[in-house]
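Got some structures for you, see below.
Here chain A shows up in two complexes: once beside chain B, once beside chain C.
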Partner chain A sequence: MISENLYNYYLSDLLAGKRSDCQKIVQELLDSGIEVKDLYSQLFQRSLYRVGELWENNRITVANEHLATSITESLLNLAYPAVFATERIGKKAVISCSANEFHQVGGKMVADILELNGWDGHFLGANTPPNDMAHFIQETRPDLVGLSLSILSNIDNLQRAIEVVRTDFPNMDLLIGGQAFRWGGFDIIKRYAGTEYIPTLDELEKGIKAG
Partner chain B sequence: MTSIDVKDLKIMTRLKEETKEYHSKLESLPYFDALIERKLPLECYVNQLRALSIIHGVLENEIATVEDKPLSTIWNDELRKLPLLKEDLDFFKPRVVPDAVASIEIALSMTEKIRLRRIEKQLTLMGYLYVFEGSTLGNNMHRPDISTTFHLGRSEGCRYYSNYRDHAQTHWNRFSETVNGAQINPSLHDSVIEAAHEAFSGLEALYTALYPLEKSGKTFHVTRINPEAGNHPIPEDEREIQAALKASDRGWAEFDYYQQRYGDRGKRFSDSDTCWLVTLTALGPEAMVKQIDWLCRVLATRGMPSIMMEQTLRFLHEELSCAVADREPTYRKLCVSADILKQRREHFIQDTTLQALATEFEQAVGSEIADSHKNTGKLLVAAVVDEKNGIEGSVDALQVWLTDGDRFSSAWIRAVKKTIAKANNHAIMISS
Partner chain C sequence: MAVELKIHSETYAYFEEKAPVLFFILSREGKIVNANRYAQDLTGRSLSGENFRDVIVDFTGKFDLTDAVRNPSTERLINIGSASGQPQSFYFTFKPVADGCILAFGRLDAAELETMRKEVLSLNQELNNLMRELHKKNAQLKRLNEEKNRFLGMAAHDLRKPIGLIITYSEFLIEETEGLLESEHINFLNTVNSSCTFMKRLVDDFLDVSAIEAGKFDLNLEPAAIDDVLESSLQLNNLQADKKGIHLHIQCDENIPHIIMDAPKIEQAITNLVSNAIEHTSLKSQVAVAISCSPHFITFSVMDQGPGIPSEDQDNLFKPFAKTSAKKTGGEKSTGLGMLITRKIIEAHRGQIWVDSRVGEGTTVYFKLPVNVEEK
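Up next is the complex of A and B:
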């Protein structure tokens, strides 16, 4: 667990753009043995949501928000020694952001959680055209595909990606997630069989452990 | 050359020497070969203008607001290129050149770097300014190629390229003197040069993507409406885009305050936001309302009360239904959302009271002033209601500008404060 005090120090440093101070906090947490999942959800995710709220309420600029995202992305790398230490279980996943979706921190965290649980998580990154994604799935033959959406009005692109997966790989397990779904959009997911919405990293981990 | 020699060099000298290779590499790209041979396709040129408008839009806005002393003394509004790029893009509008997504994405990626530099190391934006201001010399050289290739008369369609006309070198000499005279700390020269390298690398990627141009399925990107809009969705049907722009014009025309406070830049954001609103009609009703609420909050905390959103949604429904009649049932969701905003507003202050308070405000300031500040009274009341509806900071965001003593008389300021106080009292009475 991350204390409220520590979270507030981190948030303050993040908003001030103090990259090295943020790095110090994260490294100390990792050295103390924090679970990567807790680091991601209780520190990174929570602080980025807060950054988003502060921008919405005109308390910080869009540049502050971009810097916070950039710092957070760079700090994900600190967890890699832990993320890739687990023995592989022979399962593969392809995680992608839909076309025109440029918020990729969430997608990266999902790929990392899968890696932590012994999966080979292939993260395709932001703004992946559906055909490129399909080509990669064809080559990789994963056990599941995950699609991330941060901006709800981009849901058309998500739908196109789902349709490509459902058409070309009808039996593929397909997980959908992302902060866009705070606003709704579940009716789109429900239209497609074998497609599941995963609201949190906790739920993701429970799901993959349960098989 | 010893390190002591390097430190003694003026920054402009170092920038010139240490970016020479980047500059040569850029000029040797196929784009410029095609330009010199007068074979460059129009869509490559127009998409170049689009990409540059994205970069200049952000760069100029960020530099204009820096606190860093050397940089703020170097910058002046005459250096702005965005207005010229917009003129050129307007000239080519009738030719409906599709947006080249790859080059736009590269431009957006450059703007991300510019924004980060603005926060982390303001002064290094000097490196970008050097590269883009320096390109005016190259522009001047290519002006005849452009005019001939695209059969342009005078400077139509190439205002960006012909900005300094035959005085490009004189301008550049003056710019160099200003930069050298700004007394940038020599210990920071390296980081400025690094930024210049980054700018050149970005331009290399951009011009590589521009020719030959990869066809994309998309015709319209939001940056053609507003270069600073980033990457959010807009309609793919041009009729819907034109309807959205008309609705934005009508919304803007209802309140003089918006043009007075936010100017042309604000209008561009209103245009791109209204285009985005059209895309929300693809969502379910609940999701759509939530998205509109989100935008209302973003705007109200920046001094734009939700009453304008309410009106714009209705204008948008009208314009869209006119433009694409068979989709009217879908567009009707916009009215439903507008009705919800109205209901929330009337929960605290009925329309009749809002109008009465607005009229009192107009009488207090006098008809001549009221006429040139159309519907400001309504905005004041609406901001109070937004605050009551949980959008913290709505009143302050509006009031701070409308009570600026440098802008308004003491009589006006008294009337603003009185209207806000009265609206607050009415709202308290209804809610209690």
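Up next is the complex of A and C:
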């Protein structure tokens, strides 16, 4: 459990662009044996959601927001020795951001949580054209596909990506998540059969553990 | 400033000292009469008296100040050489002011900055994605390596027993058929025996290496006397030395304390090192073995009178299957794993091992062990 005090220190360092101070906090948490999932949800996800809110309310600039995101993304590297060390269970997932979606940290964290649970979590990156994604799915034959959306105004591109998956791979389990749905909007997803909205990393882990 | 401008003094002071824009007063010939603080900071110099043309980075050579002043409303994209050496782009306008002077006013190319920022972000994302892939591939390689070690260990373990049987039965045959077989057939049996003995050494070394690499190299630590360990080791090495007429010269300090060690493993290390020294030493010469003691360490050394190891080969000495140009004097076979295993044994005891060798003079291998080794 990350204390409120530590979270606030981290958040202020993150907003000030103090990469090495943030790195120190994260490394100390990892050295003290924090669960990677808790680190992701209680520190990385929570702080980035806050950064997103500050940006939406014009309290910080887009440059501040990008810097905080870049720092967070580089901090994920510290957790990778633990993320990829788990026993494999022979399942595969493809996680992608839709076209015109340039925020990729959330999707990457989802792929990492899958890895942490023994899955092979392929992450395709930001701004992936639907056809490229479909091609990769065709090649990889995953057990599930995850799509991440951080800004609701980009929902059209997400829907196009969902339609491509549904058309080409009608039986594929499809998970949707991301900051865009924090205040609603997930009703759109319910229109698509076999497509599920996953609100948190905890829910994701529960879901994959339940099979 | 020599040239007066018809602007409010506070506004002027702002442009002069604080504004993040370039602000020059040029003479009609294009010399800089004054440059504001931002321009000086950007270029890292005062600029006063320099030719404006020398401050800009004009690859095309087409910049025409007269034409620029004639069209004061036209913005021109001009690069300025910054103090860091990186040119930076500004949109400039040139306006005539009092006394025939020219006001050159440059604003940052915001579009260029935005493009660069996006590009940097995109590259950073790509870099982080590649880092993730790298970590993932490393983990996969580690798993494959563990799998390989497990397979190697299993194969070596299963080979050990039949090889041992061949050795035993070939020895029986050599002993019990004495005088019954022709010399050619005795040679066949001797070859079977020596080949299988080498094969068993190889299998034993593989098992050691696979245990080391799998992190299962456990030490059974107990207090023991290193001189006793040496004595036990030399019983094997003496036979080898006698065959080549090599004298083993032993020198041990007195009253060496017992230290905590895995005695059979240290014996294995000493046997390996002395055996190597004998193999590289010429017939009828000497190998010197010494053990000395200081308050914190026990140091072992073995010195041969072999050909020596070239300095470029010395770094590879402790790597698996490393070959050096130093030839064995009796044509002995080597598994190529002995020095690696020896190093691992010494390091597992928190000791150090090193080599001092000169071509044409011989080689000395040292290791030192701490007097107080704590169990890991």
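The rule is simple: the second predicted complex is superposed on the first by the 210 of 211 C-alpha atoms of A that agree within 3 Å, B and C clash if a C-alpha of one lies under 4 Å from a C-alpha of the other, contacts with A are read in each partner's own complex, and residues count from 1 in each chain.
To be clear about the criterion, contacts are C-beta pairs under 8 Å (C-beta built on N, C-alpha and C of every residue); 3 or more make two chains touch, one makes a residue touch a chain.
Small disclaimer: the values here were computed from a predicted structure and weren't measured.
Overlay on chain A: chain B and chain C clash in the combined arrangement. By the touch criterion defined above, A:N77 reaches chain C but does not reach chain B. After overlaying the two complexes on the shared chain, residue contacts for A:N8 are found with neither chain B nor chain C. In the superposition on chain A, A:A63 contacts both chain B and chain C.
After overlaying the two complexes on the shared chain, residue contacts for A:T200 are found with neither chain B nor chain C.
In the overlay built on the shared chain, the residue A:S153 is in contact with chain B alone; chain C does not reach it. When the two structures are aligned on the shared chain, A:N131 is found in touch with neither chain B nor chain C. Look at A:F123: by the touch rule set out above, it reaches chain C but stays clear of chain B. Superposing the two complexes on chain A places one region of chain C into the space of chain B, and among 3-11, 39-47, 129-137 or 255-263 that region is 39-47.
Once the two complexes are overlaid on chain A, the chain A residues touched by chain B in the first and by chain C in the second are 63, 66, 70, 102. Residues of chain C that touch chain A in their complex: 117, 121-122, 124-126, 128-129, 131-132, 135-136, 138-140, 143. Across the interface of their complex, chain B is touched by residues 17, 56-58, 62-64, 66-67, 70, 100, 102, 127, 151-157, 183-185, 187 of chain A.
Within the complex, the chain A residues that touch chain C are 63, 66, 70, 73-74, 76-77, 80-81, 83-85, 88, 102, 104, 108, 112, 115, 123, 125-126.
Within the complex, the chain B residues that touch chain A are 62, 105, 112, 115-116, 118-120, 231-233, 276, 279-280, 282-284, 286-287, 290-291, 294, 297-298, 301-302, 392-393, 397.
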